[in-house]
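Structures given as structure tokens follow.
In what comes next, chain A is part of two complexes: it sits with chain B in the first one and with chain C in the second one.
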Partner chain A sequence: MKNTSGNLSVNMMAILGIAIMFISPIFPGFISVSETRISEPIPVRLATVSVVAFLAIVATTFLTLIFSLYSRRNLLSFLMGITGGLLPVAGFAVAGLSAGRLAEATGPFARVSPSSGLWLAVLAGYVIVFAAMRTLEDNKIMRGLLVLVPVVAITALLLSGLLADLSIMKEFANRRERFFSEFARHMMICAGAVGFGAIIGIPLGVFSNRSARVEKPVFAFVNFIQTVPGVALFGLLVAPLAYLSRAFPVLRQLGIGGIGWAPAMIALVLYSLLPITRNTYASLKAIPADTVEAGVGMGMSKRQVLFRIEIPISLPIVLAGVRTAAIQAVGNTAMAAIIGAGGLGVFIFQGLGQAAMDLVLLGAIPVVLLALFVDGLIQLLIGIVTPRGVLEKTDDKT
Partner chain B sequence: MIKLEGITKRYDDRTLAVDNVSLEIPSNQLTVLIGPSGCGKTTTLKMINRIISPTSGKILIDGRDISTVDAKELRRGIGYVIQNIGLFPHMTVRENIATVPRLLKWEKSRTQLRLDQLLELVGLEPSVFSDKLPRELSGGQAQRVGVARALAADPPIVLMDEPFGAVDPLTRVKLQDEFVRIQKELSKTIVFVTHDIDEAIRLADRIGVMKDGKVLQYDSAEDILASPKNKFVHDFMGSDRALKRLSRRSVNEFMEQSKPLFVSKGWEQLKEVKESFVWAVDEEGKLIGWIHVSDFKEGKHLSEMLTELSDDEMLSAESTVKEALSRMLESGTMALPVIGKEKEFLGQISMYKIQEITRNG
Partner chain C sequence: MAKKTISRKSWIALAVFAGAFLLLISSTGLWETVLSFIFPTTRQVLHPRGTLLRLVGEHLWLVFVSSGLATIFGVGIGIVVTRPFGKQYLPLATNMSSLGQTFPPVAVLALAVPALGFGFRPTVVALFLYGILPIIRNTIAGIQSVSSEVKEAAFGTGMSQLQVLAKIELPLSLRVIMSGIRISAVINIGTATVGATIGAGGLGSPIIAGLVGENPAFLLQGAIPAALLAFLIDSFLGNIEKSLSAA
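Here is the complex of A and B:
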């Protein structure tokens, strides 16, 4: 049980995050202005941009500090995480609102970008949210919300148009259609990878639990896959798939070839297998045999045993595996752009090629937000489906 | 009545777990199946609620062949407590106990009433324990919840497979005593599997001793102790069979009447005493000690001759004869007084009488 008394306590991790948060508004560059897309950026302090915003951010950071001192209480720890997570979002809002004014003063091709101070605020927000999550170990719903609230807030901000004058949003405006089509493609590849991963991985876990003869080779295989680096696995699949698509024209008509979505999907499905199979296996091992026998002995039908005993106990653990697989897939899909699978990785690699950081961010930021969103959403789901009695750590079973 | 007719269980790997067992298990009594591990006692038990199906033979409950009844319906009418309790870890105490009422689709209010009743019956305060989770319970408490769960829908039959096996010896004895009280109140037909002979003797009305899938002897607990049929049963009952028998007898069965002396009254009462000593009571009839008749001298007041008794030297009417014997050995006397709830003198039990019991059975 958590100590719920109101005693002051020092949450070192939260203090670290809050300390960084205090530095961010006084840092030499909160945002930066450059004359053109690729010229040298000039740093601008937050206080120079807006004194009101400066004071508001410092005050909110103080509030977060006060919450952190009572972070033994679940609710205050939660509030600390929420304010900590929303502070960088507020920073972006300030940057967006002032970008137009600053750009006008600099020149017709001027670009305004987030700078070190704002990125520090993002880092600080991360640390504070993480610190809050650690103290809320057994409240999955609060944990999920801690991630979801800032992610939804920043997404809403991006879509609101308030940030239109920021450099990255100008890149976005130039590639609006392309962005949405790659974003959709990214989502589809991820969902497909995790979906097929679950369709294959859950039965593998079930059969592994039933027979040791199945378990050994299955785990040898999925563990091996996990040790192959992503790029290498994509590469390894190129040659055999290219051969197959030449040999069987039907495959080519379906769009299956050495490059494109097919090798990416296969590799990503393979990566999803380990967490899903392993957690399914562990979840079934977590159901005590006595419990099932007691259920049967009291007159439960097979269905009732499944729905009242087996699924409630195992589902949270299976979902935790799906969560790991999904977060992993969001990131790995970005890599898959290398072999022409498309997705948000396209912007990252394009931007790297042109040394245009804003373009890189146009790909990278949505990938990060997507990963966080998926994480928060599944944690929330786990929190909702977890019966109170099954609070053992359902995170990673490694 | 549960009737087993020629029940045999042979597993797929040809091992013979239960070998042509026929038993008549009387209603409203507690029948213990006992034997070493692998003797087939648990298999026999689990065939009664069809967790295991017999290879051949028939089981009848109140004349009805259980293989003709839907297994789920059958089980909902039979309480079941297993060795490791098997509480559902994701459900509260309340939800665990309500399992069968829920399967039987009882009204909520009825279930609620029953839950509080049951928790009180097994000695758990409802307001404290209702919403606890199994992992927040001690072994003894979990065991009580297991018993309450089995009794939830008030089944006439309860099957128990080493229900007190997983708790420490002190808790076990306490649970057994409470269980005896509960059974006295409810008079269920109970089939109880154990390998612990002391537990069997403490609880059983009837005992079936099993070995290698066969029932070697099936008798009342007293008869088995008094006359074991063969060497195995004899050895299994242990070399202290005589003491075990005494543990099933209560003092008030063998109490001898004797007239106590009122200390407050005159010494003339001593004339009527034939023994060498006499129990002494105060004016309210409460036992206070005893008096040696040979200590008597004329003119001496009775209270001057009194030897007082400690509480350890008095027996209650519910004590077992084994306890009486132990107290006698401890205090080095040949007889001890028996008292009622208010310490009133009821009679005495003597070493001579105990020897008579062990000699005659």
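Here is the complex of A and C:
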């Protein structure tokens, strides 16, 4: 425990999370009910939904508070993190279980959705889990479990069908196949864009490192592209591509036109260039000359210097650039649905067009989760490839 | 001395660019002539929502309000979590601002709609929430980069906590903070363009109208000024940032 004030061990971060968790059940809207999928949602308190659930959640929050007072002990700190992480999952379970009954009482087309109170519980859960992880800094297993347990619980809840009566799940059920195909398309567009971005961006970074004459225009270009708003870049590409596909029927047969995947892919590749090029450039600058000399002195060949010294040192930094590019691509692909590129953004813009908020969520929530997943995955990869001797900070500012 | 002339030069270049931009967006007749020449089959080449000047004004107002609020709150939070009484929240603030930046801006904008409805307000809130993250992050980084020896020396001369903050920590970290504000403003100019889909107006509206109605003239009318505006604001804030380092 680092945060001690006097004899009392008060974990202020955990207290903040628990305070938010206490607000959640008494918030005016824990869930909301609307007459149809597009009508005004009416907030419903948790106590109105179910008194038992209300008492159970308040009691568990108290329990979490008690655990937090003894969070100097590893086990109790762990328990605090577990209850804190499971509380929002329990909130979703309550919402799912009561959704059918509430909808029936409202009308034939009524929809039930999570509301501010439940989202607050998610925020509180994050803060509590984070606070617990901080106190368990030297216990990798417990820290892993703190993240794993809520994730497994919410996945199990989703798969169990208990949430089927929630509005967002109804939107999902109505377009199950479309959802999975757009999800796959989203991932393919992102992977393609970042892949091409790496194929072009890494050599650009290497050449920039070799000559200042290349460096200046390359960075002026990629920096400029990065400032251009996504929608504007799509807009600027649509007109010329439409013209080209009219002029050359071959392009049209390939599916390249003013709208669709072609302008989206070009824009996304262009956006991927800056982080990848910049980090490649920086990674090459980060290779200490004496390390290379030491390698040569040990009798390494040029190849060995490249594979045993230069690449291992630069790879984590290049990957950090790929990570920034990939996270950005996940979001920009959602935007690309505006120009008919497909992907999860389709649901966001359809939902906005119909004023059907749960359809918006069906697009937006997976996009956020995908971004978090890609972030975690590449960070894991960076951790694996970072040589033990290199404690370089591969931080990145975009 | 040499540094000053360079900075004056780039300010003059920026002023010329800004003047040209202003001239470009206010010459409605020029747009009409050029666009109807490029797209002779398009009947309506000027977006009906308003003059370009007005659209740029709407756009800047959106970004100004949200980035202004983000700056006040972001710097404030950054200062609080680096004080002795707020130190306990420092890891949380750092983690939240880097985790939050993984959230795609479009998703943040989309998530603001169910909570706040359509229009100007949800867009400002979404831009604010997203724009505050790089500012918090850079404020923390800037203040933490001030070496403890410098601070101890300041305390040694009898300065109070507040004086150290105002006279040592903030001036020394100003450039990093400014860089955060620039990043935030440029992201917000981009995201504000998407705000047109939820009825916030601005330069996104001709682009969206152009995409929906397949009108390439509308597209260019929104996209060109939007790209130039982003570049202009980035250069403007970048110049301020550079002049801070020279000081």
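Brief remarks follow.
Simple rule for what comes next: the second predicted complex is superposed on the first by the 274 of 398 C-alpha atoms of A that agree within 3 Å, B and C clash if a C-alpha of one lies under 4 Å from a C-alpha of the other, contacts with A are read in each partner's own complex, and residues count from 1 in each chain.
Definition applied: a residue touches a chain if its C-beta (ideal position, glycine included) is under 8 Å from a C-beta of that chain, and two chains touch if they have at least 3 such contacts.
Everything quoted here is computed from the prediction, not taken from an experiment.
With both structures placed on the common chain, the touch criterion links A:V368 to chain C but leaves chain B unconnected.
In the overlay built on the shared chain, the residue A:T48 is in contact with neither chain B nor chain C.
Applying the stated contact rule after C-alpha superposition, one finds that A:S181 touches neither chain B nor chain C.
Of the two partner chains, chain C is the only one touched by A:L16; chain B is not. By the touch criterion defined above, A:I313 lies against chain B but remains apart from chain C after alignment on the C-alpha atoms of chain A. Once chain A of one complex is fitted onto chain A of the other, the partner contacts of A:T36 are absent, as it touches neither chain B nor chain C. Among chain B and chain C, the chain that touches a larger number of residues in chain A is C. Chain contact summary for the complex, chain A toward chain C: residues 3, 12-13, 16, 41, 113, 116, 127, 130-131, 134, 224, 227-236, 238-239, 242, 258-259, 327, 330-332, 334-335, 338-339, 345, 348-349, 351-352, 355, 357-358, 360-361, 363-365, 367-368, 371-372, 375, 397-398.
Of all residues in chain B, those touching chain A in their complex are 49, 51, 71-77, 80, 82-92, 99-100, 103, 133-135, 149, 159. On the side of chain A, the complex with chain B involves touching residues 288, 290-301, 304, 308-309, 312-313, 387-390.
Here chain C touches chain A in the complex through residues 88-89, 91-92, 95, 99, 102-107, 110-111, 113-115, 118, 134, 138, 179, 183, 186, 189-194, 196-198, 203-204, 207-208, 210-211, 216, 219-220, 222-224, 226-227, 230-231, 234, going by the rule given at the top.
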